[in-house]
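Two complexes, one shared chain (chain A), two partners (chain B, chain C).
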Partner chain A sequence: MSAAGKPSPSALVVAAIAVAVALAVVFPFFVRQQMVVAGTFVLFSCYLAQCWNLAAGYAGQFSLGHTVFLAVGAYTSTVLFRDYAVSPWIGMWVGAGLAALLGAVLSAVAFWYRVRGVFFAVITLGSVEVFRGLFSEFDILGGTAGIFLISANDPVNMNFLSRIPYYEIILALVVLAAAGTFWLERSRLGQYAMALREDEEAAEASGVPTFRCKIVVIAISAAATALAGTFYAQFLLFIVPETLFSFDHMLNMMLGTIVGGSGTILGPIVGSLLFGVLGDVLRSLPVVNSQEAASLVRIGYGLFLIVVVLRMPRGIVSLWERRN
Partner chain B sequence: MQWSSDIAQVAASGLLMGLAYALVAVGFTIVFGVMNVVNFAHGHIVMAAMFASFVLNRYLGLDPYIAALCLFPIFLVVGALLYHTSIAPAVGASPATQMLVTLGLLIVIENTANLIFGGDLRSVRSPIGEGSLHLGTLVLPMSRVLAAVGSLLAIAALWAFLRFTRFGKEIRAAASNELGARLVGIPIQRVFIQAFALATAMAAFAGAMLVPFYLINPFIGYDFMLKAFVIAIIGGLGSLPGAVLAGLIIGVVEAFGDFYLTASYATALVFGLLMLVLLFRPAGLMGSFRS
Partner chain C sequence: MSDLLQIERIGKRFRGLKALDDVSFSVEEGGIFGIIGANGAGKTTLFNIISGAIKPDVGIVRFAGVDVTGRAPSRLCIAGIGRTFQIARPFPDLTVLETIRVAVLCRVHAMRAATERAVAIAHRFGLAQKLDRRGRHLNVLERKRLELARAYATGPRLLLLDEVAAGLRPSEVDVFVDIVRAVASENITVLMIEHVLAAVFALARRVVVLDQGKTIADGTPQAVAADPKVVEAYLGAGYAAP
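Presenting the complex of A and B:
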């Protein structure tokens, strides 16, 4: 089972990846702080796309509710730190556990009642609004005003004055997510997920435990997303429902994954890098002001998304696959 | 007696708003019912029409209620163009493809509006909509009464149109059995274009009726998209009476939630209701004209 389908990558590919990762690691030491921050945001959207790719790309469960897991991660570690002085390095795993539990329960209820396809997307979108409403009300979560943390040189509590450690943390998460995806593709769970994505009835009939499999993949995806939530909270030192539940995060996850190639290891990374770097380059051009540039860039994203979905449904990485 | 007049006032404003919400949702529910496409950009068409009304008012001095009548035919054409350029290739594709194409449209519409108008809140005023209607203890702002009446008339006209015209029969035939409709010689592509154009124009009309008492910016499309979802699903996708009933329910639930709780709880309540309906009554309260 484990060897089915996916060949091991060639030595050349491994070497190329090692070089790319090494370059990414040393990158922030040679550029201005502004570039480090830009790189951090690009890697953050890469990582979120990778998380979403697990549920949507591999298991075919088109969630529009991943911002809930992002928020659970951010709020759990932040509240644990503020009220109980628990280091976010530990709190992030508590958040991941809670998000996994929440993802499992929500999807178990949805799948138990045979909510599928587009209705699964709608019910997850609904959950965002429910949690946005609840998170805005609870005083312990700071309400609509959110929670501020104080910037300090405190590495034990994931708080740095330099931007470089943040960059390296999110880079490590991206690499870990890629490795995790690589493992998933070759695991029994991943094979099950891809089988049910292609044809749920056929998979069920061939003995794939589709119900359990979908829930496990979504729980993993939710936990991974929650880790990004803690990172986001520590990077900005400020959390508020408005930004955490923003539909923009959801759109970025989808754009990167779909344009790059969903259900592949490199797809979400390639897609998010493309959008991130393209966006930063266009924004830095002197011809338009930054507000207009941001709008123009996003119009381009939207058009690009439509074209890719209709003309190249397997994304940019499929170009490379086709040549081989 | 304060509390009873409060309740009556809140219920009345909820019902008025509910009718306008129903009008927002009817186009969405038609598109789903007829071509099985979930249009995530529907709310953004409402928003685009509001800005169109703003432009007509600011630069041509048109009253927003007269603008509403002009916007209907304009957005029939816009809808047909949208269908041709981006929806047609997605009809019959996987749900993920459809969602992504309409989400792409959403991004394009929202950011085009942001590029042209910026993110500031704007308003459109109409002398016709000034003042209030007094009914006993109730005080109803004229603009909201007009929006409710306009919505009710538009939905009734749409219902009669679908019920009694040849074109309406074709749409209903395509919705209930696409293959059967093809077999008896109904030109499905033409029906789809017309249905999408009609849905777009209804959304535009809804936006134009709401704009005299609504603060607008490019990001409110998202709220209308969510409202359309909730109402269409609770009412039963494809059902016009269902949309009206669900619109009224949502309007009232939201009004009471806003008044007695807070806006955040009201939102949570509305979407909690959506999730429950999806779980326990996925065909919605009124079924749909598909089944």
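Presenting the complex of A and C:
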């Protein structure tokens, strides 16, 4: 136990992570473009899970509304670029700021009315519908038809012809999010968040300003999610409410985090990698082309989920933890 | 010198039922004070009001001369009111060290210093061997120790203890009596609710008796125990001091 609180990772763990990151960095240079795209999507779901893990895993605020922040990021940078020629590299931070503000306001309203647990989840779910409706109505946002950007070799505006730079950008975000989570776990804010996740009244009695802490953590989580929104927009060069507000994103965040281990640094990455790679491998099997095989895969997927939750309620990373 | 805690005409109803009715008393700084009363007398409700967990319908809570009625518990904690819960509430997934440290962090903001202080407090409350144990894995006695350690770790001027001795064996009660006495010797004013009267009578210099939401007596343990109203309402015949 180090004086800073949480046990410091051992040299072996640090070395293993360094090797894993190095391999991830060089991976796209040795595979087909199709694999680079697949890897990018997997890392994208890793990153979203990491963002959601801050609010849900550490602070215990089970948001079902993170697609709103994803959309705010995507739309902010895209509209700023299209109408004002602001580079998405800058627009992404504007989007993050707006998402943080929105997250803070939404959660402040909810917590002001003492909304907790499943009711908070329902309220955030409601906010998704509200914003999906709003984003579909405004012509400046492209309405239900969305906004197209033109593919170009324009790195200054986060636009690349090769897929590799996108892969490296999202990989960098994953690494930064992990570092940020590492820092949060060892900070006063992180300790407060974990305490209030466990028991809000007891945390209050311990001097934790729960109202403020919840809002701050959700704002951070929202801002981080918005960065992924800009990335998503630039990667696909097309944004539309239907895909940004898709519940699939939410599902990926939750499954990846919960299966991997919520409230841990590596959990969301491990869980999302597993789901992403498993999904890709299963889809690429030739037998899956038949209807029966597809159903079998689906059943296997569901069973796997049930087994993990029953046998490892604290996620896959708890297997490693138990040794200590 | 003004009193550390002043309760002025506090009233609270739950769905029309009077939990507290015009309760007033004050606690001067230094020493141990007791609140006793039968189940449902309103003791815990009173604690919840003093610590900010619930708001009174009427009345004022003054702490160190300042009206603090209805402030958030975390703000009252910073102001210097620490509390324990009747049923110990350890954070299930946090370790003993982390739990105590969260409380320390409201005074000591640097993580390293807070950790050192938390370790020292764990030592003091007999939890030195359990630093890395998670809340969910603690036994009843350890939970009680942790509850007390956490409240103490917030650095209170006034410590509210809600039945810390309940459910303990007599030998264990003695341990807690010693701990409470040691805490009080550090210039921390202790206000305790107890069912275990032996503990209160051994410790308190003044006792307030609540009965059906009203104060019916307020005085030294001896005086209170001899008060016919108290004997009738709470202690029952045959318990009166000889």
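Note that in this section the second predicted complex is superposed on the first by the 300 of 324 C-alpha atoms of A that agree within 3 Å, B and C clash if a C-alpha of one lies under 4 Å from a C-alpha of the other, contacts with A are read in each partner's own complex, and residues count from 1 in each chain.
As a convention for this text, a contact is a pair of C-beta atoms (placed from the backbone, for glycine too) under 8 Å apart; a residue touches a chain by one contact, two chains touch by 3 or more.
What you see is a predicted model, and the numbers here were worked out from it, not measured in a lab.
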Touching partner for A:Thr78 - first (chain B), second (chain C), both, neither: neither
Residue contacts with chain A in the superposition, chain B compared against chain C: B
First (chain B), second (chain C), both or neither touched by A:Ala205: second
Contacts of A:Thr225 with chain B and chain C, given as first, second, both or neither: neither
Partner chain(s) touched by A:Thr67 [first = chain B, second = chain C, both, neither]: neither
Partner chain in contact with A:Gln191 - chain B first, chain C second, else both or neither: second
Which of chain B and chain C A:Arg298 touches, first, second, both or neither: first
First (chain B), second (chain C), both or neither touched by A:Gly133: first
Overlap of chain C and chain B interfaces on chain A (superposed complexes): none
Residue numbers on chain C that touch chain A, as the complex places them: 51-53, 72-75, 77-78, 82-83, 85, 89-94, 97-99, 101-103, 105-107, 109, 111-112, 115-116, 131-132, 135, 150-151, 153-154
For the chain B and chain A complex, residues of the former touching the latter: 38, 86, 89-90, 95-101, 103-108, 110-112, 114-115, 118, 222, 226, 229-230, 233, 262, 264-272, 274-275, 278-280, 282
Footprint of chain C on chain A - complex, ascending: 1, 3-5, 186-188, 191-192, 194-195, 197-199, 201-211, 263
Footprint of chain B on chain A - complex, ascending: 56, 60, 62, 109-110, 113-115, 117-119, 121-123, 125-127, 129-134, 136-137, 144, 247, 251, 254, 258, 291-292, 295-296, 298-299, 301-303, 305-306, 309-310, 313
